[in-house]
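So that we are looking at the same thing, I have put the structure below in structure tokens.
Chain naming follows the written order as A, B, C and D, and within any one chain the residues start at number 1.
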Amino acid sequence: MALPEEFHEIAERVNNWGRWGADDEIGTLNLITDEVVRGAAGEIRAGHRIPLALPLRQDGVQTGVIPGRINPLHAMVQVNQELFGPGTVACSDDVVTMGLQAGTHWDALAHVSHSGRLYNGRPAHLITAHGGAGFGGIDKVRHIVSRGVLLDVARTRGVDRLAGGHAVTPDDLEAAEEFGRTRVRSGDVVLVRTGQVQRYLTGDTHGYGYPSPGLSVRCPEWFHTRDVAAVANDTLTFEIFPPERDDLWLPVHALDLVEMGMLQGQNWNLEELSTACGEMRRYTFLLSAMPEPFAGATGTPVAPVAIL
Amino acid sequence: MALPEEFHEIAERVNNWGRWGADDEIGTLNLITDEVVRGAAGEIRAGHRIPLALPLRQDGVQTGVIPGRINPLHAMVQVNQELFGPGTVACSDDVVTMGLQAGTHWDALAHVSHSGRLYNGRPAHLITAHGGAGFGGIDKVRHIVSRGVLLDVARTRGVDRLAGGHAVTPDDLEAAEEFGRTRVRSGDVVLVRTGQVQRYLTGDTHGYGYPSPGLSVRCPEWFHTRDVAAVANDTLTFEIFPPERDDLWLPVHALDLVEMGMLQGQNWNLEELSTACGEMRRYTFLLSAMPEPFAGATGTPVAPVAIL
Amino acid sequence: MALPEEFHEIAERVNNWGRWGADDEIGTLNLITDEVVRGAAGEIRAGHRIPLALPLRQDGVQTGVIPGRINPLHAMVQVNQELFGPGTVACSDDVVTMGLQAGTHWDALAHVSHSGRLYNGRPAHLITAHGGAGFGGIDKVRHIVSRGVLLDVARTRGVDRLAGGHAVTPDDLEAAEEFGRTRVRSGDVVLVRTGQVQRYLTGDTHGYGYPSPGLSVRCPEWFHTRDVAAVANDTLTFEIFPPERDDLWLPVHALDLVEMGMLQGQNWNLEELSTACGEMRRYTFLLSAMPEPFAGATGTPVAPVAIL
Amino acid sequence: MALPEEFHEIAERVNNWGRWGADDEIGTLNLITDEVVRGAAGEIRAGHRIPLALPLRQDGVQTGVIPGRINPLHAMVQVNQELFGPGTVACSDDVVTMGLQAGTHWDALAHVSHSGRLYNGRPAHLITAHGGAGFGGIDKVRHIVSRGVLLDVARTRGVDRLAGGHAVTPDDLEAAEEFGRTRVRSGDVVLVRTGQVQRYLTGDTHGYGYPSPGLSVRCPEWFHTRDVAAVANDTLTFEIFPPERDDLWLPVHALDLVEMGMLQGQNWNLEELSTACGEMRRYTFLLSAMPEPFAGATGTPVAPVAIL
């Protein structure tokens, strides 16, 4: 099954291969300049900090549908162990096993390939079981700190959360910009709120994953036009699922990660941020969303924080 | 073996039990107020971002000496898998197993107990294999964003790195303040640089761990006087190891975590930050060092970033 | 909630503490003498070998109800990796994370305690997160090879599988002996077939676990009278679940493991063995069911084989 | 680097592709017939049982040289947890993460490929990160029970253990047959003792791995002539390491697993068996060495037992 013509047409328009040199492995993160960060610092007014990660728990958002992507398993190797003898200071230590994309995470550019190619035209076979991502791994990203913009599509449309079948379009994004009295610009990290994560937070883990609202295949071109640095939202699949066309699965992943070289974030909890932005009537902030530097990883857990 | 009298005397002076209420689980992080964060925002001048985490790799800083605290094991569960049929978009997915304190990390308050007590006087038996930390777990910490201050003890003393037997004292800390033309104040996160991490970075992983310079038992009182919110450094054990007295192991851990309720960070890479601060002649910055919210965990990997 | 009087009365009758010395850590496995094994060898007549383990898969029998007991997560660290250069011999290597009691397994004597005591009267606090089972760990069991006897309770009662509410009683066991024209004797490993595993094999994983037929609290005394070496069956919980009395949970575990010092096996697939025994009209065989020698473990996966 | 001509010549002579049908995935294990097993039963005379697995511990035989093949990490998820309320029966539960080939193990046929081919001529790309071994996985092996023969090369040569540079040849194997007054025949599982495991057992873990005695490239042909079902020994690499020719790495693996379709066992502890066989002057026994049925795995821990 080849990818349909529609996909290739969009791909051509959003393609960034070579834009930051033949060896570039971080794509649109190049758009976050020192100047962008200085500007972002100015968004800190109240000094509030809002965490955006879901708890990392064994009863996390994964249901077993995605093979191998297991929720965090937490286990103890020391519990109040007096390592240096009875009566000495006691330590507790723990270990975890988890899918790197199991909870609130960033996809690395290496996470997806299509037609045998990764971002910047590199061959897909650079990803191996031995060493993981030989190109575009998450460890190539040194930092993600920029201006964050919340596009609160659910609130803009006056609903708690978008319906499962809702494909978020560029019109939705622009309406949310207007609602938030802001405008997305080069180097911003855009957070798109659908409200879908409420399903998980209220106990419907299966309903959270499917069916899910999410980004339409028409969004990547909008992100490209605005020169967005990265995009995250509050769904399991990022893009609408099941997809808009049944002959085209995960097209947004392929366009964002492979063609544009733009990182995606999934399973971000934007509920508290939505409330705070609504109360402060400001939808911009400094966002710090540092990837854990797992060598050769195709994704990473992230504990983002919005500082308003 | 009881803890010596010297320990109890210091403990009494730095104790914060009850200071933020009987139910408090985050200790000195309470000192990071909105005002502190607003002030920290003003430290962002150049827009530079400096990551402080070591890569998470199987050949990380752990050597096997600390039982169970294994370096990250990275493995693949999908490599360019065309999940929806031949010719469709392909995904790569990975999993990791690791000790939560294996690399660059925060100790949670729950990490240490002494004399059967955790921070705030809670019984140590609240830590169990079932659920981990029932009190003082890292998931209780919502965010760590504050003004960061680098106390570059090595550079202050004119050396690349402190000798293995060097116990960093309050005098060292004050000399580093003066060297950096700054003064540590309430709510700051203090980063103490010894240069020891160079040993790991140049391939001497065993030498990195032992013998190691580190904080003297006399430091916690200084941190307490200054109302520091948290402290991190560039060593495996945080405090000098082997310790200053052979009848008193991990006293700084016990004083910081149990008595004061102050988080500690270990294995932070402060080399690049030291260079940047030296060049800019400024040793303060906004620090974002968000814990991954592992439920019930006694520690967490962290990918801190200094924004200057 | 104290354990009820009925429990203590049975406990007293089946107790084996001290029977094999104060330091014994293997309990009724002491009953498997060289003579028993020589006799078992005589049970090999056809040379057929029947494996009794369920596949170890991510979609195994665990549903998440038992916290931490995760199904095996299999991941790759090498796939056809030409470790010594292009064109050389290529290797594939894998790793696994799993609950030791997740699939077909033996419980170690250390798996259960009651009233603060383990088998042989040892204090329960010998089990710690540091090192696991300091007494009665599975690594203390050197080998489990003996005569195996299938007590096919389902077939004896003329049903495919026992109903969820069926508590297997000593009468059931004796009827199955008669049906199989055999008699359980000292040192035997007894396999009790309920047919319940069919639920899992036909896709009803939740129904497999609950409600489940299983051994009645009256069985341990029968095993004690016959001096059985170990018992396994084809259910998740071994004993009937939910239990016969709602003030007495897991009594069979406590009687078998703590009082008698008798290992239990769970999630054994006895379907093929049932067919083979039925066809051959013989319900005895040599059973090899070697524990994996995990140091300090409270249980172990096992791949048992019946040799007929 | 192509494989040398010498390799291809031997490969042609030992090749078993198609011998048991185009779909066969277990190779020489087909040689273990019911008759062979009946014969093996006759080898049980004393009723002694000798376990052949090394303990599964974090300080196991792996040193980190083989990437990803980590020693077992054992951690607790329950310690004396009274799951059903205070005073009820308490449970302890554990989890493990390990390389499947980390300790005493069988290599599956899928473990090695060369020139893009697996056993029976199947393409190497049937091994993927998604699902592991799509051909020749260890789960295809239902059982390994046969006559075992110890070829005690070290004892035959009158040494405790062979020197690091000793390549075990067919002459060595035949001398050991003669020494043991036995003859290897079709369907036997052959255990070749070098004594090398003593290095690990006495604390020299690095010396255990390298340099190591092991099987010469000339052995596979001998195994083929005798129609051996499987071979295991007491070394980390199975074959001599470093290899006999520096342009030919792991040739024995490629010949055994890919060409012959014969499973290999590594890190077996044959010390106690050697003593027992020496005392009884018999080097044959029933061997049960059941693989754990990990779905899609390229290897498996095994807890073999020799029954004499």
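For the reader, a short list of remarks on this structure follows.
Criterion: a residue touches a chain if its C-beta (ideal position, glycine included) is under 8 Å from a C-beta of that chain, and two chains touch if they have at least 3 such contacts.
Only a predicted model underlies this, so the values are computations on that prediction, with no experimental measurement involved.
Summary of the copy comparison: rotating chain C onto chain D for the best CA superposition needs 180 degrees, to the nearest 5. Taking shared numbers over all numbers used, the chain B to chain C interface scores over half, which places it in the same class. Note that among the pairs A-C, C-D or A-D, A-C reproduces the B-D interface, with over half of its contact pairs the same by residue number.
Put simply, the C-alpha centre of chain A and that of chain B have 27 angstrom between them. Centroids of chain A and chain C (each the mean of its C-alpha atoms) stand 45 Å apart.
Each of the following residues of chain C touches two or more other chains: 67-68, 70, 73-79, 92, 94-95, 97, 128-130.
If touching chains are joined by edges, the resulting network of the protein chains shown connects every chain directly with every other. Remark: chain A residues 58-59, 64, 67-68, 70, 73-79, 81, 92, 97, 128-130 touch chain C in the complex. Residues of chain A that touch chain B in their complex: 1-3, 33-38, 41-42, 44-51, 53-57, 66-70, 72, 74-80, 83-101, 110-115, 124-125, 127-129, 132-133, 139, 142-143, 145, 249-251, 253-254, 286, 288, 290-299, 301, 303-305, 307.
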